[in-house]
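Naming follows writing order (A, B, C, D and E), and every chain is counted from residue 1.
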Amino acid sequence: MNFSGLIQDFGPLTITGLAQGAIIALFALGYTLVYGVLRLINFAHSEVFLLGTFACIWAWELFGLDQNTAIPSVPAVIGLLVLGLVAAIVLSGVTALGVEFIAYRPLRKRNAPPLAFLITAIGASLFISETMGVITQRNIRAVPALIHPRDVFVIGNMHVTNLQILIIVLALVMMFVLDRFINSSRLGRGIRAVAQNPDSAALMGVNKGRVISLVFLLGGLMAGIAAVMYDLKVGVTRFDAGFLLGIEAFTAAVLGGIGNLRGALVGGLLLGLLQNYAASLFGTEWLHAASFVLLVLILLVRPTGLLGESLGRARA
Amino acid sequence: MSEPHIETPQEADAANARPVDQAAPTGKTTAVASTPVSDEERSGEVLLVVDNVTLRFGGVVALNEVSFSLRKGEIFGLIGPNGAGKTTCFNAMTGVYRPTSGGIRFQGESIVGKKKHEITRGGIARTFQNVRLFPEMTALENVMVGADAHHKTSVISALFRLPRFWREERSGRDRSLQLLRFVGIHERAGEVARNLSYGEQRRLEIARALATNPTLLCLDEPAAGFNPAEKEDLLALIRKIRDTGVTVLLIEHDMRLVMGVTDRIVVLEFGKKIAEGTPAEVRDNPAVIAAYLGVPTDAA
Amino acid sequence: MTEATSSTPEQTPAPAKKAKSDSGGVRGWFGRQSPVVRGVLMVVFAALAFLLPYVGEIPVIGPQIVTQGVDWPSALFNMSYYVLLALGLNVVVGFAGLLDLGYVGFFAVGAYTVALLTSPDSVLRTEWGWLAAVPVGLAVAMVSGLILGWPTLRLRGDYLAIVTLGFAEIIRIVATSTETLRGDRGFADIPHPPGTLADGKPMFGVADATPYYWLGLAVIILVILAVRNLDRSRVGRSWLAIREDEEAAEIMGVRTIKYKLWAFAIGAFIGGLGGVMFAGEQGFMNSGTFVLQFSILVLAGVVMGGAGNIAGAILGGALISYIPDRLRGIEDPIWHTDLFGFRFAIFGAVIIAIMIFRPQGLIPSRRRAMELKDREKEVAPIE
Amino acid sequence: MLLELQDVTLLYGRIQALHGISLNVGEGEIVALIGANGAGKSTTMRAISGLRPVAQGSIKFDGEDITKLRADLRVVRGVSQSPEGRGIFPGMTVRENLEMGAYTRRNRAEINQDLDRAFSLFPRLKEREKQVGGTMSGGEQQMLAVGRALMSRPKLLLLDEPSMGLAPMLIQQIFDIIVEINQQGTTVLLVEQNAQQALSRAHRAYVLETGRIVKTGTGAELLTDPSVKDAYLGVA
Amino acid sequence: NSDSGSDDTASGNCGYKLAFFGALTGPAANLGVNIEQGFELAINQYNEKKGSDCITVAKFDSQGDPGVAPGVARNLVADKKIIGIVGPAFSGESEAADPIFEQAGVPSISPSATRVSLSANGWKTWHRAVANDDAQGPAAGNYIKNVMKAEKVFVADDQSAYGAGLAEVVKKTLGTAVVATDKTEADGKQTDFSALVTKVVSSGATALFYGGYYQNAGLIRKALTTAGWKGTLVGGDGMKDPGLAKAAGNAAATGTIVTCPCSPPEKAGGTFVTDYKAKWNVDAGTYSDVAFDAANFMLQGIDAGNTTVEKLNTYLGATEYKGIANTYKFTPTGELDPKFIKVWAFKFDAAGNTIADQEVPAV
């Protein structure tokens, strides 16, 4: 164990951890939203994210950008960023809706048992990621360089870059907006009603199908944003990027209390930090093991996650 | 998904009750002035003693220093307005909740803090106010789960089909079918529980509880959802159960039924005991009339 | 009170029987046969299974069945350990309703124990025979089942899922990253099962996988019998009750903790069995085998086959191994690439299709089939 | 007629729960539905509110054929149900549960007015405004379910055993409430095991047996009908 | 070389198959495909020269997975027309599949499996056409020490048998110059390397040796550049692939050093590099050239009339063959004769290609 390393690098590890955690948190929202309403682990959510990472790259490539082109001017960068976000959000949103429509809706209509949903979710996930695998020949896809990381401020050896700030701020803002929406809007209440008792919700005049679609869509939007952040941060994507990060996002969702939006944020940030600290302390190879150990420990003390379940339960 | 919602304690603990299995904060029961074990209790005359039990949910005091005791072989009524704490009392007795203070003794032995299945095997069985069956198991299987409470077939004897397995399987099955007949739904033995109508489900619950071979049977509003004629049958059924030697504790709002069948009654209001006595005594008690009965019973 | 009411026992099992014979199709027909006929059919079925390595000899259909890119007996052996895994996972998920996403962990534990005890590469340097290591491997797997089960007892449903997934990942990471378990370098020269043929050659060699398949099949048959016995007993009922409503089950006297632990332990035992067989056939293994997708695949197999049903689990387990192997070495008509590259994409689509058309699985448990048939028609109102 | 059922058949898989039910409820009426356990009363209610699709027959509401209409749209048309088993939202507070009843409505002022009415009908709900529904006692949940059904200001109110689990005093009260809201213009279809009470308040009633209507008449007629008395009222 | 004129000899030595065994799909497919394409190119050229489909290419996809390999290997040996194998590509699958080839007596030449212990199994039909990891590691270490003159080196690996083994040897060679170490997940198991990057940056190292494959290496290089690290990335043959520059971006990849126990194909003259590009429309990758040589070695044996597995095996064991990447001669254990072991260092240029830098001593 390398304590001195951890102490020495504490600053840089913290900031990278937060940026990583912010992306995980946005990604985790999709799991939490769908789980909260349908009690379903939407395995295919990782592919919703995955397609977002590709959509953004495709959009930029349309403008002739690739990773070997020079960084465009500031206004162009802003425009491209917005374009990338829109592309990712649209494709992720459409994918989320599509998955719901093709893989879940037919099952719901047939009143299938919960496990069946889990398996179609796995099927959809496999199908999408493997198809992408074939299309991209399992190669990585590089992201054009858009933002040149520049230190915005430095504390000790902690260099906080413009990119990190962008990621963290955007994630927080999105979380806030979503939280407001779910908790204070009428539709938000409808979502919670469907979560708690679908039949009764119908008797109150809630359109279940629409609510479910909405939930998938919201999850997709958040995943789309997460995807762009991921592209900017990691610089490449690959057909299995969704699966890899998806496990972490799902862990984060559970850690915070699945079904609880704020839990996803807490879980995501915590996981991002912990992974970086653990990587420094034990070595990068133990990074994932550390997050699972943390998960088990937390669930032992709080069997429903740090903040507890909430979308389907008490007050969100 | 479309089932009527069943209240589960997991949901209940969203507030601050403390279901026993999650009693992380060293849920010590502070015995408030608990009465010593009486001779009657020791002799087995008294089956169950609820001793000064208080149970709080955050601000709500669901049970407030409630004490009463059940004698062996009687039918005992527990009544009171909605939200008086009757179901909570059952939950405390069957280990679902742990009393904030006070003690509960069954056959002279404290059952506070015991595991739920231990309490059941010890001889207390119950039904639920909001039906809680095993929805995808057949009616017969539901009852057999109850019957299994006293079986000893181990994983090993089930694995190798030792004689005990055959013996218990056969007797359990026969007994379960008898019980289904006893509550009047034997024709639906092969139907999965969720497909039964509400009334049928309530009957199934009684059969399942009986299958555990209880000394004390606790029925939480068994007649809800029955029409008067059916209640009449239920009344006979409860008597029949008692006649087989089972003590019955009954929560019920139907006064005709309660008055007709119970030997003694305790009345709760706002978690406090406000009266205790024979049906006749209780019926004429002004406090009970004011709090609960309103106009002297709806005798038709 | 039983005595009082037992006036005329009059054996009323009629309704239950009726429900059984209601179901049509092969299963219904099978259910209606006398126990003797059923027994005979089972034996014939098992015998046919033993002859599967020669199915290629059958004209016309035979060649359609056998795999092309993979040696057919090897493919059969692969199927056999997948089937074992599916059977074990079915106990945990199908019977007890404990969602386990990390089942491959037990497979790994069984295989690694054997490797550690037998391989010359192991730090233990014990170099036991395969057979001697098997009981240890199974015991360690079972214990690891308990180790996983114990802390997770209080977790419900999907929390359990992620913890089990984490458990398997931790096992994989430990296998990859610790010196003792040799990571990617792996263990070579793991001995094969013992036995010599009349001509002095070892019964279990490297060139022919058929004996391994037969061994696997024999083990499967034993496991089926055992699991079936458990299912149709107080144990199986307790599992079901736990699956349906854990607290109500406990209040009805079911010792939920005990039975959940049993489910984990039995599941782990069977998973470990798969692992020791795998190690014995391969002779070499490293950390690369125990990827998460493996667990998820087995779970998909169980549910696709029909969770809670033994025949379903067998079929599901066999299919998830067979389909990809069968796709190997076949060219797709359009791009003329090996279809194998698409295997998981195709597989994903197949899974969705199967679940949509048979949400209860290919061979649903009788109970679930009934339940589903009932539910299906009462679909939510027309939109 | 506000509600007309024509030959409605309903299946639960193999089980045929309704064998061609025809009944109607006129504007401003209280109609009661009685029958033994498993007769199909709740099933009829579910067919009307749209929770289960009917296999055959038609349902007309307010002159419109709603047979194939989605449940939530029926609410918009003015059908509201207090379901069997209460069906409250266990994780929402009492107040949120009530507000869910007004989900299809927008007029805040009216909603608040109705909230106040629900609270005054059931003071216990006011007391426990912030308690989560799932922790309420059985009877309290029943009050909540009835109160919630009223919150949508329905034209037709379907009540499935509203008196179940209520204490004697409240039973009287709940029937009074039913009559009162009926007099204020809401049509009521009522399923009750408490046939005595139900029949004496209802304008008309139907008797269900194993999925068929076997008898119909005014409340008073059925109350004195010997066979009804025998089967549903018990020996008085 | 036999003349293509005589039909008799041609048909007499025709109708046989040579097999490729390795990953064509799965996470490590890229490396396998490189090798397969080199192999297939050789046979195509041979057939063209003969003017007929004399020798057939048989491809066996193991996914590089030791768990899958035995079934595929048994399938391979069932085909009696196959008299030689180029492969298995990876060391892990070699452990699982080679015993089966050995028992069937089919000779194999692996162009890439570099695990040291493979030659210690006493296999008679097994050969490898490259130096093992013991040779490459010191070379890479020496290059860092003597050519780059780096004083602070960070050593990381991907925990693969190949990568970890290589990193181990490099560490030993570098001694005290190693300031810190770390391990990552294998290819396809990780995309975000920020934890490693943070460590490298704060270690103050001017060189990072990464034992692993090109895809991870490319990702790491990209992340390092993004984080502003100015040092040099060094790696082994597993990183000698244009894929590294594809992942990292040409600018970031420029200057990355990779060693390889092979010599630059352009040095060998011939038209391999252009032929390969023409046929497959991609640049030749890691070990494409060695596979090409291995296949030609076998073809030469077949041409010489060695058309049974025994004969071909004997031929391979006894002959010295000069190919485009190297000259090959096997020791009795199947290793490449030490005197032919050459390690070269290559450098990524601004176009993402690997350019031969210099030969480095492998001691």
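By definition in this document, a residue touches a chain if its C-beta (ideal position, glycine included) is under 8 Å from a C-beta of that chain, and two chains touch if they have at least 3 such contacts.
These are the chains along with the protein names UniProt gives them: A, C = Branched-chain amino acid transport system permease protein; B, D = Branched-chain amino acid transport system ATP-binding protein.
Bear in mind that the values here come from a model prediction, so they are computed numbers and not experimental data.
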Identity of the chain that, by mean CA position, is farthest from subunit C: D
Remotest chain, subunit B as reference, centres from CA atoms: E
Length of the line joining the C-alpha centres of subunit C and subunit E, rounded to whole Å: 38
Whole-Å gap separating subunit C and subunit D, where each centre is the average of the chain's CA atoms: 49
Whole-Å separation of chain centres (CA-atom averages), subunit D against subunit E: 77
Distance from the mean Cα position of subunit C to that of subunit A, given in whole angstrom: 33
Of all residues in subunit D, the ones touching two or more other chains: 12-13, 15, 50-51, 70-71, 83, 87-88, 90-91, 132
Two or more partner chains touched - positions in subunit A: 111, 196-197, 199-200, 208, 283, 285, 288, 303, 313-314
Multi-partner residues of subunit B (at least 2 other chains): 2, 4-6, 8, 11, 14, 22, 195
Residues of subunit D that touch subunit A when the two form their complex: 49-51, 70-73, 75-76, 80-81, 83, 87-93, 96, 99-101, 103-104, 132, 148, 152
Parts of subunit B lying in touch with subunit D, wherever the complex brings them together: 2-8, 11-12, 14-15, 17, 57, 60, 80-84, 86-88, 129-131, 195-200, 203, 221, 224-232, 253, 255, 292-295, 297-298, 300
Subunit B residues touching subunit C - in the complex, by the definition given at the top: 6, 8-10, 21-22, 94-96, 115-117, 120-121, 125-126, 128, 132-138, 140-141, 144-146, 148-151, 153, 155, 158-161, 165, 168-169, 172-175, 177-182, 186-192, 194-195, 208-210, 212-213, 240-241, 243-246
Interface residues, subunit E side, partner subunit C - complex: 24-25, 59-61, 65-68, 70-75, 77-78, 92, 95-96, 99-100, 103-104, 115, 117, 121, 159-162, 164-165, 183, 185-186
Residue numbers on subunit C that touch subunit B, as the complex places them: 1-6, 9, 11-13, 15-20, 154, 156, 226, 229-230, 233-238, 240-241, 244-245, 247-256, 262, 266, 367-368, 370-371, 374
